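Look for chain A in each of the two complexes below; its partner is chain B in the first and chain C in the second.
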Partner chain A sequence: MECVFGLVGDGFAVIVADTSAVHSILVHKSNEDKIMILDSHKLLGVSGEAGDRAQFTEYIQKNVHLYQFRNGIALTTAAAANFTRGELATALRKNPYFVNILLAGYDKDIGPSLYYIDYIATLHKIDKGAFGYGSYFALSLMDRHYHSGMSLAEAIDLVDKIIAEIRSRLVVAPPNFLIKIVDKDGAKEFAWRESISQA
Partner chain B sequence: MARYDRAITVFSPDGHLFQVEYALEAVRKGNAAVGVRGTDTIVLGVEKKATPKLQDSRTMKKIASLDSHIALACAGLKADARVLINRARIECQSHRLTLEDPVTVEYITRYIAGLQQKYTQSGGVRPFGLSTLIVGFDPYTGAPSLYQTDPSGTFSAWKANATGRNSNSMREFLEKNYKETSGQETVKLAIRALLEVVESGGKNIEIAVMTKEQGLRQFEESEIDAIVAEIESEKAAAEAAKKAPSKET
Partner chain C sequence: MKLDTSGLETFVPPSRGLNVLPSDFTASPAFDLPGCTDFDGFQKNAVQMVKPAKGTTTLAFIFKEGVIVAADSRASMGGYISSQTVKKIIEINPYMIGTMAGGAADCQFWHRNLGIKCRLHELANKRRISVTGASKLLANILYSYRGMGLSVGTMIAGWDETGPGLYYVDSEGGRLKGKRFSVGSGSPYAYAVLDSGYRFDLSIEEAAELARRAIYHATFRDGASGGVASVYYVGPDGWKKLSGDDVGELHYKYYPVVTSSVEQEMAEAPVA
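On to the complex of A and B.
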C-alpha cells in the first residue's frame, strides 16, 4: 500500500511519498521519512521492503558522498541513477534488494531530472512516475493534468489532487504524505500532508 | 649495518627498524607543512614548491578533505599519500554507514596510524613514506583537534606542529610564539611559522582553514598575499619600535 510518485516541473523536481511504516496488519508509525536526501541536490524516494529500503539507500548515499570527497565534485543525477541501477542489477541474481526508487536531482547545466528505478534494475529517465497501488491513480491524474514546465504552485496542486484521489479511492490508503523538492538551491523538505497527526 | 635494512621485518641488533627510519628521512625531504589549533579555527599550511610553468597547479592540491569535518595535510611521498587518503575517505563513509555517526578526529587518526603501522610489520612491503597532520572538529563536543602521525605508526595530539622540510625550525618558532588564538590570529600564526622556512608570498604557500560552521576553506593566493603583507608590516613596526627607545636613551 506504499505510494511514491514524482514529477519534473520548471526548474525543479518533486517527490511525494506516503509515511506509513507497516508490518502485516500493524502500522508501526505514520511519520516515516522515505525520501532520502542523497546529497545537496538529489532526492531518493523509496518504497519496498523496510530493511532493504534503509540498507540500500544508506549504502548508495555513502558511496555518493565518497565519490564527492575523492573527486572534489559531486556526481551528476544521471551518474547517480546509473550507479544505483548497477548495484541493484549486480545483486539481482544473487541476493536481490526489494526496493523501488524514484531519483530526482538538479544539475547546474541540465536542470531538473527524474529517474525511475524498479526492484529488478529497470532504469528510465522520465518526467512523471509512480510506484505502488497509488500509481494507478497517480499516473492517470498526471496523464490528464501534467504538462512540461509546470510552476511549483501548479505542481503542488496536482500533487494534492493525487493525494486526495489516493485517500478516497484506495482501500488501505496511507493517511500521511511527505513532499520534498529539489531545485537550484538544493534538496529540501517542502511540506507534510497529514490526516492523522503524530502527537 | 647493511644487512639490517633489507627487509623491514628485521630488527637491527641495537633495536632499530631501519626501513622506518629511512621513511622518516623521506618525510624530512618532503615539503614543509604546519598545523595550528585555535579555539574556533584550525589552520593547515603547506609549502608549495615552485610549479613548473606548464603544469596546471589546480590539480596538485596538497590539503585533502577526508570528510566534511576532517582535513589532512602531509609531508613526504605524495603517491603514498594518495593511497592513505583514499583508504581514510572510505573509512569515514564506512563508519557513517555502520555506526550512523561521523568519525571523531582521534578515530580516523588512529585508523591512519594503524594502517601505517601494519606496513612496518608485513613481509615484502615498505612503510608509507609520509607524516600526516590531521585536523577537525569533534562532531559532538565541537572541540578542535590537531593530530600528527608518522611512518612508524605513532600518533599524538598537538596544539601546533610542523613536519617535512625544516620542521625543527618551525616547531621551535611555534614553541616560542604559541598562544591560544582564534580566527584570523590562528591563520597568521600558521603563516608566520611557514614563513620561517619558506620564501614569502602567496605563490609558495597553500593555506586551508577549518571552522565548525563552514568546514574546510582553501585560501586564494590573493588572500594569502594580503595576510603575508600584514605580517611583514607588523614585523617592520616591531623592528622600528625596538630601535626607537634606544635612540631616546
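On to the complex of A and C.
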C-alpha cells in the first residue's frame, strides 16, 4: 500500500512517496510527509512500520547533523548511505527496524546519486528504484521510459505517468503523493499530487 | 585441593529398615515436560491472548474555537461488558487531555506518567510543555517498549502557545499530527459521521453535538462501545467537560418513538 520510488536525472535526483498514514482498514491521515530532508543536500524517502519509520529516520538525521557539528564538514551521500545501512545491519539480529529506504543526495564533485537500502540492510547504488506494492508498476515503467540524463520536465512527466498507473491499477491505491527533489541548490519539496484534499 | 563433586552424585535415598518408598519418590530429579504442542508459537499466542482488542470509540478534532474530545465509556472482556462507566478521557494537566483505547491499565499508567514528566518539564524550564513535546515524550516511551505487549491507542489534545494541538500516539510507536482522529473498534463508524458533518467554522455547541452524534452512532453499531458519551472542549483557558449523556437516552432523543395508528387488526373469525 505504501509506495516510494525515485530516479536520478541530469544534475538532480527525485524521490516520490505516497502520503497516507494507514492502520488496518482506516486511513488516519492523507498528508503525512514520508520524505525526510536529511540535510541541505540529502533526501530520505521511507516506507515501513509507522513507529520505526519516524524513529529510525530521525535517529539517522540527528547523527548526520552530529557528524557535521563535530567535523565541520557534511557527510557525502555515499557515507550517509553506508552509515544508515550499518545501523540497520547492527540492529538486524537483535531488534530489527522494519523500514525500506531510498536515499537521494547531491555531492558537488560527484553529482546526484540514489541509494536503495532495504529492511534487511541491503545497499545498492542505483539510477531508479521503488518499494511497496506501487513498485510493481513503477519499476517496469521506469525500465521502459528511463534514460540517463533526463531533464527535470521529462522526469516529472515519468513520475506523473507512474502515479497515474498506481492510481488506476492498484486496488488500495493511495490518493495523494509528494514529490521532492535534490539538486545543486539543495533538497526541497517540489510538488504535491493530490486527488483528495485533506480538510 | 579437594573438589566438591556433590552435585554430580546421583541421589540415593538412605536405606531405612523397611523397603517402603513414598509413591512420588523418583530416583533422580526430573522436570515435567510442558503440556504444549506448539513450541514456537505459544509465547506469541500468550501475548495475543492478553492483548485487548481496543474495544472502544474515541474521537477528537480541531476546529476554529479549539479542540473537541469525545469518548464512550464501555469496557468489555470478550463478550462480557465489565463496566459501562469507565473514564476514557484522562486529564494530564489543566490544559491537556488524553484519550484511552486499548489496555486500560496501560493507558492510565502511562498518561499519569506523562503528566508527571510534563510537570517536571514545567519546573525545570519555567514554562509549560507544548503538545508536540508531550506527545513526543509519550511516543518515545511507548516505542522503547515495542514488541512487549503494551496496548495503547491514544490521542493527546491540548492548547499551547501555538494554539490547539492534536496528536495520535500508539503502542507500535506511531505518532501522527492531525486535525481529526478517531481510535478504537467503533472508529470507522465515528469517522463516517464526523467526516460528513465537519466544518472548520463550527461553534462550540455545534462541534460538541457533532462529536456526541458520532459517538452515539458508533455505539449503536459497535458492540464493544457504549455507556455514556462524554464530550470535552479544550480552549485557550484549558479543558472543560461539556456533557456526559447515556447513549440509550440519546437514541430516543434522536429517534423518538412514533406512535402509529393500527393498520390492520386481527379479529375473531366469524363462527360458522
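To be clear about the criterion, the second predicted complex is superposed on the first by the 199 of 199 C-alpha atoms of A that agree within 3 Å, B and C clash if a C-alpha of one lies under 4 Å from a C-alpha of the other, contacts with A are read in each partner's own complex, and residues count from 1 in each chain.
Assume contacts are C-beta pairs under 8 Å (C-beta built on N, C-alpha and C of every residue); 3 or more make two chains touch, one makes a residue touch a chain.
Since we're looking at a predicted model, the values are computed, not measured.
Novice: Going by the contact rule set out at the top, does A:Trp192 touch chain B (first), chain C (second), both, or neither?
Specialist: neither
Novice: If you stack the two complexes on chain A, which partner ends up touching A:His28: first (chain B), second (chain C), both, or neither?
Specialist: After superposing on A, A:His28 lies in contact with chain C but is clear of chain B.
Novice: Once the shared chain is lined up, is A:Leu66 touching chain B (first), chain C (second), both, or neither of them?
Specialist: The first partner, chain B, only.
Novice: More residues of chain A in touch with chain C or with chain B?
Specialist: C
Novice: Per the contact definition, I'd like the list of chain A residues that touch chain C in the complex.
Specialist: Answer in residue numbers: 21, 23, 25-26, 28-29, 32, 49-52, 54-55, 198-199.
Novice: Report the residues of chain A in contact with chain B in the complex, numbered from low to high.
Specialist: Counting only chain A, the residues touching chain B are 58-59, 62-63, 65-66, 69-70, 72.
Novice: In their complex, what parts of chain B are in touch with chain A?
Specialist: Counting only chain B, the residues touching chain A are 61, 65-67, 86, 89-90, 92-94, 96-97.
Novice: Flag every residue of chain C that touches chain A in the complex, lowest number first.
Specialist: Interface residues on chain C, with respect to chain A: 139-140, 142-143, 146, 168, 170, 172-176, 178-181, 187-188, 191, 195, 198, 200.
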